[in-house]
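Chain nomenclature is as follows: A, B, C and D, assigned in order of appearance, with residue numbering initiated at 1 for each chain independently.
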Amino acid sequence: MSATLETPAKNYELRPKLSDDGETELLEVSMGPHHPSTHGVFRMDVVLDGERVVRLKPVFGYLHRNHEKIAEGTSYLSSMPYTDRLDYFCSLTNNWAYALAVEKLAGLQVPERAEYIRVITAELTRLQNHTCLIGFLMQDMGALGTPLMYAFREREKILDLFEALTGARMMCNYMRFGGCRVDLPPGWLAAAQRIVDEYPRFLDEFETLLSGNEIIIARSQGIGVLPRELAVNAGITGPVARAAGVDYDLRKVDKYGIYDRFSFRVPLGDHGDTYDRYMIRILEMRESLKILQQALKDIPAGPIIDPKAKLRGFRPKAGEAYGRIEAPKGELGFYLISDGGPNPFRYRVRPPSFINLTVLEDMCLGNTIADAVITLGSVDIVLGEVDR
Amino acid sequence: MATARTSQDCLTNVETLEQIKDRITHVLPGARLEIVPNESPSGQRSLLVDHEHAGAIATFLRDDAELRLDYCSNATGVDWPEAVVKTKIKKPVVTDGVEKEVEETVDALRSGYLEAVYHLYSVAKKHGPVILRLRTGNRTDKVTLPSLTPVWRSCEYQEREIFDLFGIKFAGHPDLRRILMWDGFVDHPMRKDYVEPDDFEYEPTPHDAVLERAKTHYPSEVKT
Amino acid sequence: MTEALDQIFVTLKHWLVSLCPAEFQVLASIVLSVAPILMVFPGLFALVTVIERKGLGRIQNRYGPNRVGPFGFLQFVADGIKALIKEDVVPRRADKVIHFLAPLALVLPCVVVYAVLPFGRNMTLTELDAGLLFFFAVGASTELAVFMAGWSSRNKYSLFGAMRAIAQMISYEIPLILSAVSVVMIAGSLSLPKIVAAQGTYGGWLPDWFVFTPWGLAGFLLFMIAASAESNRAPFDLPEGESEIIAGYYIEYSGFKFALFFLGEYLGLFAISGLAITLFLGGWNAPLESLAWIPSWAWFFTKLIALILLFIWTRGTLPRLRQDQLMNFAWKFMLPLTLINLVAAALWHYIPAGFTRWFMCGLMVVGPYCLLGRGIAGKDKTSKRVYRFAD
Amino acid sequence: MLGEGIIKGMGETARNFLGSYVSKKRLTTLQYPEERAPQFPNARQFPFLVYDGEDPEQGLRCVSCQICEKECPPKCIYIVKSKDKRVDYKGQMQFYPATFNIDISVCMSCQICVEVCPFESIKMDTEFELSSTDRFAGLLVRKPQLAKSNDHYRKIHPHDAAESDAALAAEVAKVQAKAKADAEAKAKAAAAKVAPAAPPPEATLAK
């Protein structure tokens, strides 16, 4: 284990001072909380030598509303709409992670059709999250909104699907313990199939615009490098870890839900830089489309919720459970302790973007301030989830 | 316990929690370990670890060739306040000359403590979780636990969060500061006995307790 | 008729001047020459802001502004009113005098450079013999204004922006001027009307514009790249760097001062586009002899709008470079290429017309471009990355 | 060669620029006040209380059981139970809400209240233009504003309304059957309480 892993963070008390050669003065800049590219109310306390980053401390908590405390004071069901607001881009995967944890805790079975619906909605969520993230990343690189608008254009279509199914575009609040809330409306599968069929063409267009662009290559290759060992040790998950070459996808490892029924591959990067993180997301979207094609073809008829599941007066037996899924941003886990009451005794969210921020400083040191911005963009954080 | 690997809940492909415990006590003879049962259908039992050997046990779990628990997924705190625990005990009672087993609930006072829980997985071997627990002496002054950040870097922010929200101090943490609450904040909001200040939410809502509090706190500004 | 239409503004001015008493005729002539510029180009600025927003909108599959006036073309009025009635915030610890002067100091040179641009036949405000030199000399003084803004705001971001702007503008000034020098070599004059006149003939199926020669095309492209860097347009808008340093040197400006910065920036853009037209695109000359009946000033403005659309198009497509890459690009790519381009222009001058001239000159341009391009991109980066999959 | 990717990208944006004039599919913007997106049948915005018949006060289905108040995640519902009872749609004596307020500034449109309601009495509306200039009083929606007729529900959610009507009809039938059985068992020929007109079992789908 290298020394950097043993003593991760530098002493916080370091103040801006003359740099080692004693000639230039270090400049401390507070980037955020209202900075256009910090993706919400996030602050980076950066010390710069010229434009090079010498120290970078993420500061957050501006959006902290103590979701966990609120959840401990209310019933299991009432926390479900709050999970929408964790990672507000991917409310359906948040729902799923929470539902999964509660199902483990209470031993509920999910009917087959509901599992298929969950996979379809989760993969659609992954599609729109990755698309938008790439748009935001390009926005951080200064592409003036064009890729972002294309991403939003496609996302609108997926959000239309979500609205038709769940009644809301972003705060879906759709999954329930032991299944889903409502069945698919008529024509929904056909609409989803249409979007899935059209998506590869959009991805091709997107790649023509971005993947080969010399400026993007120059800006992102070799920037924000995350070594594989550090990624594992620091608990980095999701596309960020896979771009660093960590073969760890919970859809393959845990095979939660019915993911063992679908054939798809896990793309891995070798460099762990910003470009890899971008490309891994593109490739993941293509794999998601494969899953969607299979799921849309195979979805059976049947009930959508476990008949044992209770909406009112749900009291799981005392005990604890940790359930996790592969959310678009990484491993999203819920840790629940029940004392037999109607409220969880302990409710904990393991947010991927929060833990992925651990290595932000390591990735940014030595790069310029402009690189720090795109490195942050490529980590894909959502402050609703970081601060909770 | 069956070692059969289900799709979701497995410990490791090779060992049960008892075997892991035996291996640890074999390698670290002084270590005091205890398996914490879990009644829920998830069946995720955990390993209670003592303070002195926590670092060594963690390093062993990470570096052992069989286990390779190189990835600490989740680290969190739990607050167990002082509480009366009802336990059912079967007791022989002689009634009418016949001895019968009668269940009786016994109230026991559980002293309060804080707990840090670590969920460990292996990226290399793709198994898990092995759950570690560390308990503090009480909830007031003996709240120091050894930090596992030197072993798993992913605990860095999570232990800071536990410190912030529960008030467990982690000895050996490189940068133990508040992370979600602001620096001037004094209490630990995730503790069960935390009382929110009466002005914590300025925006009053009709029919809310907040409104009443706000009226006393900001009499001139609150209408309705 | 054609002649009259072409010279309509010139005759109009002469007629108006002749109405004045003799002692005021010089003054009237000056006013009547300056006032149209002061009206037309800010007007064009207003129009271009709308066109840019609509164009970018369409590129991004949006409508763009379409509410104020017909097709949203009065959006600039709303924007102007908004800018005027906005609170003018000056940071408490800013250097107030310089903070106030900076936007003015930016706009002034941007207006002054129009003095030497030929907008049409006989439509040059002052026919300086060293007009090109004047243009570059005055145009370069905007850098001072940018630094004044950045420094006086007393903000770390604005300081960053100012430092970036200075580094970038000074670096790109050199390729800008050097690529223009090749034109001077061929035309043999620093006077802009004479450069236009040198492109005024028609031979073969292409007009004799400098852009239709190998060195001219290369020079034009280099000039345009340098010009977009000079005027802080994407992909060289680092001094503003909205996602990194928020708005760079004008972060602390609000209301009308901010609008003035915008105005200055766009006036600079029009001026430099006008210069590119004059140097490479035949100035106010028509592209075909048969189209020469369309007035010369109309051709100038058509070309100007076309170039502006090109700028908008690039802005809608490209992300931003990084500071060190920007400097590398200027010094390691642009500068050598412009120097080689000078040699190419010299060859063009000395080799008699024919295929050999085209071939030699083209080789002089394309060869170094490929070599330097590979150098600047880096060998490992030109190869496409391959990704592996876990099962 | 250097610049190839940039040229391709420029081509792509040009295609989108022209495409936005040609194909309506590329242009996803709606000109909001004039154009409106079609409402999806599942759309949910803000809850309302369903009443049967003509009188919003008498026909209110809510029996003030306060389950929604307890389950509401942000606790935006405020109910005061009535002191007296009155006859409900099933013909039984029930409490009714003396006060039923929802704080719209707190409500997050999650639909939990609808799901937990055992009496089919609170449903989600699709009205979304709910802004108000009065920050406190204007954002507190009271019972008269909340009460909307079942016809309205049938109009906005025809499918769900049909289901809920059927469920209610079944329940009413059950109650009536039980009452009848009771009456027969006790052999009392007294005039049975006439239940108020039950809602029609089949909803007329007004689209």
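One rule holds in what follows: contacts are C-beta pairs under 8 Å (C-beta built on N, C-alpha and C of every residue); 3 or more make two chains touch, one makes a residue touch a chain.
No experiment lies behind these values; they were computed from the predicted model shown.
The chain with its C-alpha centre at the largest distance from the centre of chain C is B. Judged by contacting C-beta pairs, the busier of the interfaces C-D and A-C is A-C. If each chain is reduced to the centroid of its CA atoms, chain B and chain D end up 42 Å from each other. Centre-to-centre spacing of chain C and chain D amounts to 59 Å, using the average Cα coordinate of each chain.
Taking each chain's centre as the average of its CA atoms, chain A and chain C sit 43 Å apart. Taking the mean of the C-alpha atoms as each chain's centre, chain A and chain B sit 25 Å apart.
In chain C, the residues that touch at least two other chains are 59-62, 316-318, 377. Multi-chain contact residues of chain A (touching two or more other chains) are listed as 146, 150, 153, 209, 212-217, 247. Shared interface positions of chain D, i.e. residues touching 2 or more other chains, are given as 2-3, 6, 9, 12-13, 16, 26, 28.
Of all residues in chain D, only 1-3, 6, 9-10, 12-14, 16-17, 19-21, 26-29, 31 touch chain C in the complex they form. Contacts from chain A toward chain B in the complex involve residues 5-9, 11-12, 60-61, 64, 66, 68-69, 104-107, 230, 232-237, 246-248, 253-256, 260, 316-324, 331, 333, 335, 337-338, 346, 348, 350, 354-355, 357-359, 387-388.
By the touch criterion stated above, chain C contacts chain A in their complex at residues 56, 59-62, 156-157, 160, 234-235, 237-238, 241-246, 315-325, 377, 381, 384-385, 387-391.
Chain B makes touch with chain A in their complex at residues 7-9, 38-42, 44, 70-74, 76, 78-79, 117, 119, 123-124, 126, 129, 131, 149-150, 152-158, 165, 174-175, 177-182, 189-190, 194. Interface residues of chain D, counted against chain A in their complex, comprise 2-6, 8-9, 11-13, 16, 26, 28, 40-44, 67, 70-73, 108-112, 115-116, 118, 124.
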